[in-house]
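Per-chain residue numbering starts at 1, and chain names A, B, C and D are given in the order in which the chains are listed.
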Amino acid sequence: MKKNYLDIIDPIHDFIRVYDHELSIIDNSIFQRLRRIRQLSGAHLTYPAAQHTRFEHSLGVMHIASQAGHALNEKGFLKSDDIEILRLAGLLHDIGHGPFSHLFEEIIQEKKISHEDFGKEIILKSEIGDILTKNGFDKKLITKIAFGDSKFQYLNEIVSGALSADMMDYLLRDGYFTGAEHAKIDHKRITQSLDVHQKKLALERSALYSFESMMHSRYQMFKAVYFHKTVRAAEVMLLEALRSSDDEFGFSTFNLDEFIQLTDEYILSSLVSSKSSKLKRARKFAQDYQNRKLLKCVFESILTSRKNLKKIKTTDLRDAISKKSKVAENEIFVDSSVTPSIPLAPSKNESKSIILITSDNGKSSAKEMPISEIPVVSAISGFMNILRIYTYQKNRKKVEIAAKSIIGELE
Amino acid sequence: MKKNYLDIIDPIHDFIRVYDHELSIIDNSIFQRLRRIRQLSGAHLTYPAAQHTRFEHSLGVMHIASQAGHALNEKGFLKSDDIEILRLAGLLHDIGHGPFSHLFEEIIQEKKISHEDFGKEIILKSEIGDILTKNGFDKKLITKIAFGDSKFQYLNEIVSGALSADMMDYLLRDGYFTGAEHAKIDHKRITQSLDVHQKKLALERSALYSFESMMHSRYQMFKAVYFHKTVRAAEVMLLEALRSSDDEFGFSTFNLDEFIQLTDEYILSSLVSSKSSKLKRARKFAQDYQNRKLLKCVFESILTSRKNLKKIKTTDLRDAISKKSKVAENEIFVDSSVTPSIPLAPSKNESKSIILITSDNGKSSAKEMPISEIPVVSAISGFMNILRIYTYQKNRKKVEIAAKSIIGELE
Amino acid sequence: MKKNYLDIIDPIHDFIRVYDHELSIIDNSIFQRLRRIRQLSGAHLTYPAAQHTRFEHSLGVMHIASQAGHALNEKGFLKSDDIEILRLAGLLHDIGHGPFSHLFEEIIQEKKISHEDFGKEIILKSEIGDILTKNGFDKKLITKIAFGDSKFQYLNEIVSGALSADMMDYLLRDGYFTGAEHAKIDHKRITQSLDVHQKKLALERSALYSFESMMHSRYQMFKAVYFHKTVRAAEVMLLEALRSSDDEFGFSTFNLDEFIQLTDEYILSSLVSSKSSKLKRARKFAQDYQNRKLLKCVFESILTSRKNLKKIKTTDLRDAISKKSKVAENEIFVDSSVTPSIPLAPSKNESKSIILITSDNGKSSAKEMPISEIPVVSAISGFMNILRIYTYQKNRKKVEIAAKSIIGELE
Amino acid sequence: MKKNYLDIIDPIHDFIRVYDHELSIIDNSIFQRLRRIRQLSGAHLTYPAAQHTRFEHSLGVMHIASQAGHALNEKGFLKSDDIEILRLAGLLHDIGHGPFSHLFEEIIQEKKISHEDFGKEIILKSEIGDILTKNGFDKKLITKIAFGDSKFQYLNEIVSGALSADMMDYLLRDGYFTGAEHAKIDHKRITQSLDVHQKKLALERSALYSFESMMHSRYQMFKAVYFHKTVRAAEVMLLEALRSSDDEFGFSTFNLDEFIQLTDEYILSSLVSSKSSKLKRARKFAQDYQNRKLLKCVFESILTSRKNLKKIKTTDLRDAISKKSKVAENEIFVDSSVTPSIPLAPSKNESKSIILITSDNGKSSAKEMPISEIPVVSAISGFMNILRIYTYQKNRKKVEIAAKSIIGELE
C-alpha cells in the first residue's frame, strides 16, 4: 500500500518527503518549539542571514539518514523497516536542545546533564513517545539510535559522527544560510558510498576525495563561523546571560511544560523586560546583545603547541589578568574554543581513523586509514584550539596589556 | 581619501559593503529591531527555512540600489554623491515596518496609516535622523527618495516599483530562503541596463528578456509563496490576532519607545502568556499559530472575470455564509489576495508600460512598451486575484457547502 | 550480488552511476563518437560556453530515466529488471544522431529518414547490439522503448515527451552550458511524482506547479537559445553547407564505418580544406561559419495568427523576394522556426493534455487537464512560430525592403 | 560619449561586456581559433562535460582583469585608460596557445619556445596588432602586460600569478565544466580587496580567508582534475602523438597561416586519416585516444621527500624499467606531474609570500606574510609532485613489478 506523505520544500534538499506518522510528530508543539531555537545561537549578529533553526535541520537529518539507509539497504545491510527507525532517530536527535542550542548545553553540562538526556526524557515520556508507540515503533530503540547506544554501531554513526547525516546537514545548511561557504559537500556521493565493516560504518575508497573535501569545509566553517571572533563575542555574552539567570529559569531541572517555553527570544525578552534585581547582570547582557553592543576581543592565540597555557584553568587566567590590569574579574572573559580535527564518534571519543572499502572484480576488502594520513585533515588539527580574552570597550587597552604580559610569561 | 568600510557576508550578494556612517545607523537599536521582524510573516510554517528578516533585506536593497546608482552614474545621470543618498534611502525604506511586516500594515491601513508614515517619523525625529544629519546628509531628501516623493522619478523607481532594488532583492531573497524558486533573476544584467528617459527609469531593449523572466519569477513567487493557500491560512490567523489586540498594543498610535518593542516573537509570546480576558480571542489565534493548528481552506476561486463577485464586500460575504451554514461569523474568514501583474510604481499607481531604450551606432531612442505586449506578463494578470474562505476543521463541511452555494448564485 | 560500477562526474547530476555492461557500450567507438557531436550545433557562436555534446546528454538521460524508473518501481508499476532496460534505452536514444544533431536530421528528413532509423540500425546490427545480447538484453525491446514503439506507452514517455528524461536533461544541460537559464527545473520533484494511468505516464497533482515552471523554462530556452536570431543564422549556414555537400558525403545512405567518421569538426575541416569545385558553395559556408561571418537577419515575424503567410512555401517566398530585390535566390534564406507549446509525445503527435493524479486518504483519482488551462503554457503557444529572412551583409538593405513589401501584401 | 558594447552570456560571469574594438579582435579568425582548443586537453575523457575552450576562458580573464582594474582605479592606483589596456592584455594572454594547450607547450618548450613567444608574434605582427594600432592602442605595451614584462609589476600580476584573473577564471571555469568542484572562489571579494604596495599587487587582510580558500580549491583541482591518474593517461598519449608528429606539422616553427589550422580536432583527424608510415606511432596514439583505449597506470608515488628519486632523469628511469621488465622502451611512459603550492609569479619564479594590507582608522600598513604560515597551503605543498609509470594493458604486470623493484632500490 502507498503511504501518505507530504513534500516539504527545503532549499538544501529541494524537498523532504515526510510520511503521515512523522508529520504527527512534527506538528506536535514539542517539536514545533525547535522553530524558535536558532541553529547558530548568536551567529546572525555577524552573518545576518543565519536565522535558520533546529527545526529545518532536524528535517534535513531525517532526509540524509534516509538516503544513507537506502544505500545500505541496497547493499544488503539494513532491512526496509530499519530505514523508518533511522529516519525517526534522525528527526528526533536534537529534540532535547534548549535555547541557544550548544550554549544551553554548556550551562547544563556543568551539572553533568546533556541535551541527549533531555531528548531521551522527551522521547520516552511525552506525547512524542505516545505517537511513536501508537504507530508501532519501539521508542526505546529510537533513543538508542538517536543518542549513540545501539548494538549496531553503524546505525549510530549514520546519525552522528564523521560520516553522519547530522554533520552533512549542518555543514550544508550553515554554509547556505550564513553565506560563508557555498555548499561544497557532495553528500549524495558520500551517502551512496557508505558501506559497513564489522558493524562499523565504512566508506568506499573512491569517495575518499569527497570525504577530504567535506573535512576541509568543516574546517572552514569553524574558522569562518563557529569560532569567528565576533560570533564568539556574542556567544560569550549569551553564556553569561544564561549562567546568571540559571536560578531564575532552572535550566537543568527538566520540566516538560516549562522546557517548551524556553526559546531564544523568550529568554531574551524575559530578561530585557525583567525588573528583578537578581537578574541585573543577565539583563545587561541580554540588552547589549539585542542592541549589538558586543564585547571586544583583546587577545587571541592558537594553542596547539603551547602546553603550559593549555594546563592553566580559564578562571585562574581571568583572575590573574584582573589582578594585573586592575579591571574587575567580571569584566574579563576568557573563551577557549576547541574542536577535534574530525567530529567525535557517537561514543564521544575522538575518531582516529576511517574504514575504507576497495572493490576489485566483485571482491571487496577493508582497510583502516589513519586520519593523520589525509593531508588537509592533519594540517587542520592544529588550528582548532583558540584562546581569546574579551572585555568591554572601555577596558580594552588595560586588559590587552595585562593579557599579553601574563600569557607571554606562561609560554 | 579612502572611506572605512566593513564587508558583511550575505548569501544573496556574496558580500555587502557597508561604510562607517551606514554602520552607525545599522548598529542603532531602532534598526537592529528589523532582525526580529520576519520578511514573510507566517510563511515559515509552510516553507520552514523562510526565517529571514527585514534586516538582511534592507541591506540587500541598499546594495542593489548602489549598483543601479553606479550604472546610471557611468551613463551620466547621477552624481557620485547621489549614490550615497540612494544607498541610505534603500537601507531605510523598510524602517517603519511593524511586526509581521505587511500584516501589521493591513491593520494600520484601516486607519489610513502606512509603514511609510512611520518610516518618515523615524528618519526625521529619531536618533537615525541625528546620525544622518551628523554625517552631513539631508534627512528630508532621504525620506523623499525612500518613500516615493522626489523630483526625479527615476530615483524613487530605483527604490520601489517594477525595476526596483526592493523587488529584485525580495524576489531573490524570498526564493533563496523558501527554496521555492531558485534565483532566476538576472539582477546584475538589469541594473547594468538601467537608463533614464525624461526623468523616468528606463531599460535597455537588450535586457527585455531578463525583465520578462523576472516578471515570471514574481508570478511564481506569488503563486507558490505569497498567495499559497496554507501561507495565507497562517496569515489570516495572525491578522485576527493583531486585530483583536490592537487596543492592547495601540498599533496605530506611533510611540517610538513602544514601537521598538513590537517584534514578531514579542507579540506572540505576550499574547500566549497573557491572562487578560480581553485578549482571549487574540491569545487563541496566537497559540494555534505557534502550535501550527491552522485554519482550513474550504473554497478557492480566481476572480479575474467574475465581476459580480468582485463587487461584494468581504464582510457581507462572510455574513451570508454564516447565515446559510449556521456557523458563527467569527469562525468564518474571507480572504481576498490581490496583486497587480507588475508591481506598483512609487506613486502607488499601477504601471501600464515600460520604457525601452534602443541604441544603434551611438544614437539611442526611447519607446514605451505596453505591459500587455509582454506575453508572460499578460498571461499572468488573470491569476493574481484569489478569493478564499477559511474556517476551523470542525466546520469544514458546512462552510464549504454554504460557500459554494452562495458564490455560485453570485456568478 | 553487488554489481560493479563507476561513478562519472557530471555537473548536472553530480555523478552518474554507470554499471559495467553500460560502460562497455559507452567505451565503444560508436558511442564515443557522440563526444564529437555538439548538443547545440552552432549555438556556441552566440553562447560561447555551449560546447557540450550528445555524449554527456546521453548519460544524463540514462540517469533521469533511471530515477523515474525507481519512482514507478516503488509505486508498483515497474519491475526492477525493467529499470535496467529503461536505462539502456535512455543511454542509446540519441545514438543515431549525425553531425550537427538536428541540422543533420533536417537534411535526411527530406528523404524521409530520421535519426531514429539510424539508431535502430546501430542497436540491431552493430557491436552495440552484440554487447546488449551478450549481457542478456533483448535489443529489439530496447529499440522499442528508445524510439517510441513499446506496448506500454509510459515507458516511451519516460524517454521522450513532455515529462521525459530527454527533455529534463536537455533543458537543464543546455541552460547550464549556455548560461542562458540557470537550472530551474525541479526534475527530482517531477520524477518522484510520476505515476501511471491506463498505461500512460501521469503526474501527481501536487507537482503541477513544477511542471508549469518547467514548461516556462522550455519556452525561455526556445526564445533565448534554440530560436535565437543569431543562433539560427549560424544554423542556416550549416544547413546550407550540409545540403550542398550531401552528394559528397552521402548523408542519407547509412554505412556504419563512414557514419562513425561524420562528426561536426570532421565535416567542417573536410569542407574548409577541400579543393573540389563541386564543394565550392559548401566550403564558403563552412569557412564563414568558422570565422564567424554570419548571415544577417533582415526580417522577423511571429506567425501565430498570420494564416496567409503560413500557407506559402518558403521556396516561393524566397523566389518572390529575390525577384523583387534583384538579389540572387541563393543569397536569400528563409528560415521558419516552429515548435509546439509542449513537446511532442513519442508518437510524434502534439500533446493536448496532461494526466493528473490526486490522492486523498489513500484513494487516488485521475483527471485529464487540457494544456490550454495552464496559463503560462497557453500564453507561450503563440510565440513559438517565427519566420525570418536572412541574407549577406552587402544585400541587407535591398532584401529588407523587398521582404517587408512582399510579406506586407500577404498579410 | 557612450561606447558601443555587446553583452556575451557566460555561465561563470553571467555576462561579459565586450566593447566594439574588442569585438573586432574576437571576431578575427586568429582569435576564433581558440574556440577549437580545449582548455583541458584530454580531461573530457574522464570528466565528459569538460569541453570548454581557451576562447571562453580568454573572455573571462578580460572580465576579471577589468574588475580588478576598476577596484584599483577606485583606490587611486590606476587610470581609467589603463583599464582598457589591462582588458586587452587579459583577452590576449592565451592567443599564442597551440593545440591541446599545455601539452603543445611541453613540446615546444623542448626547443626553448613558449606560448608567450607565439603570443607576442601574433600581437605584434598579425591583423590582431593592426586592429590594436587602428584603435589607438600601443601593441608593445599590451604584450608587456600580457606576458609579464611591464614596469609596474602589479599590472602583470593582475594577468598571471597567485592573485590573477587568469587563475581565478580557470579555477572557476574548470570547476564548473568538469563538475569536480563547485565554484568556491570568492573572486569578487578578492578583486575588490586588491591593493598595491611598492608597485606589487597586495591583498587586504580581511580577504585572507578567501585567498586561503581559493588556494585550497586550486589544490583540489590539481588532485581531482589536472593531475588525475586517468586524465594524465590521456595526456601522456596526446604528448606522444604530438612528439611523434612534430616533424610533420612543424610545431615549433611559427608560421601564422599554418598555426591557425592547428586545432585539437584537426591534429587528431589528420593523424587518424593519415596514410604516412612516418606517422604510424602518432596515428596509433590518436586512434586509441579517440576510442578511449587509455594507457594503464602501474605505479604512482608522491615525490616530496624522496630526494634520490627526484634526481634521476625520467628517460633513465624508463630505460631501467624496460631492461628489467623486458618490455620495449617505447611501451613504457614515465610521467612526472609537478606544480608549486601556489602559482608562479609572472616572472616564472615561485612566490614565497603574499603582501597583506591592514587598515585601521584610515591608516594602512603592509606586511609580507610567508606562504608557509597559511596552514592549508603549506599542507598542500607536499602533494603536488607525483611520479607515475604507465604502460599498455598487456604489459601491466611485468612493468608493475619492475617499477616497484627499481624505485624501491632508489629510495
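We adopt the following convention: contacts are C-beta pairs under 8 Å (C-beta built on N, C-alpha and C of every residue); 3 or more make two chains touch, one makes a residue touch a chain.
Just so we're clear, the structure is a prediction, and the values are computed from it rather than from any experiment.
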Partner chains shared by chain A and chain C (touch criterion as defined above): B, D
Chain whose Cα centroid lies at the greatest distance from that of chain D: B
Distance between the centres, which are taken as Cα means, of chain B and chain A, whole angstrom: 34
Centre distance in Å when chain A and chain D are each reduced to the mean of their C-alpha atoms: 41
Euclidean distance of C-alpha centroids - chain B vs chain D, Å: 48
Touching two or more other chains - residues of chain C: 14
Touching residues (chain side chain D, partner chain A) in the complex: 181-184, 209, 213, 216, 219-220, 223-224, 375-376, 378-380, 382-383
Residues of chain D that touch chain C when the two form their complex: 8-12, 14, 27, 29, 32, 35-36, 44, 47-49, 51-53, 55-56, 59, 176-180, 263, 265-266, 269, 290-292
Touching residues on chain C, where the partner in the complex is chain A: 1-2, 4, 7, 14-15, 17, 75, 186, 188-189, 192, 206, 359, 361-362, 364
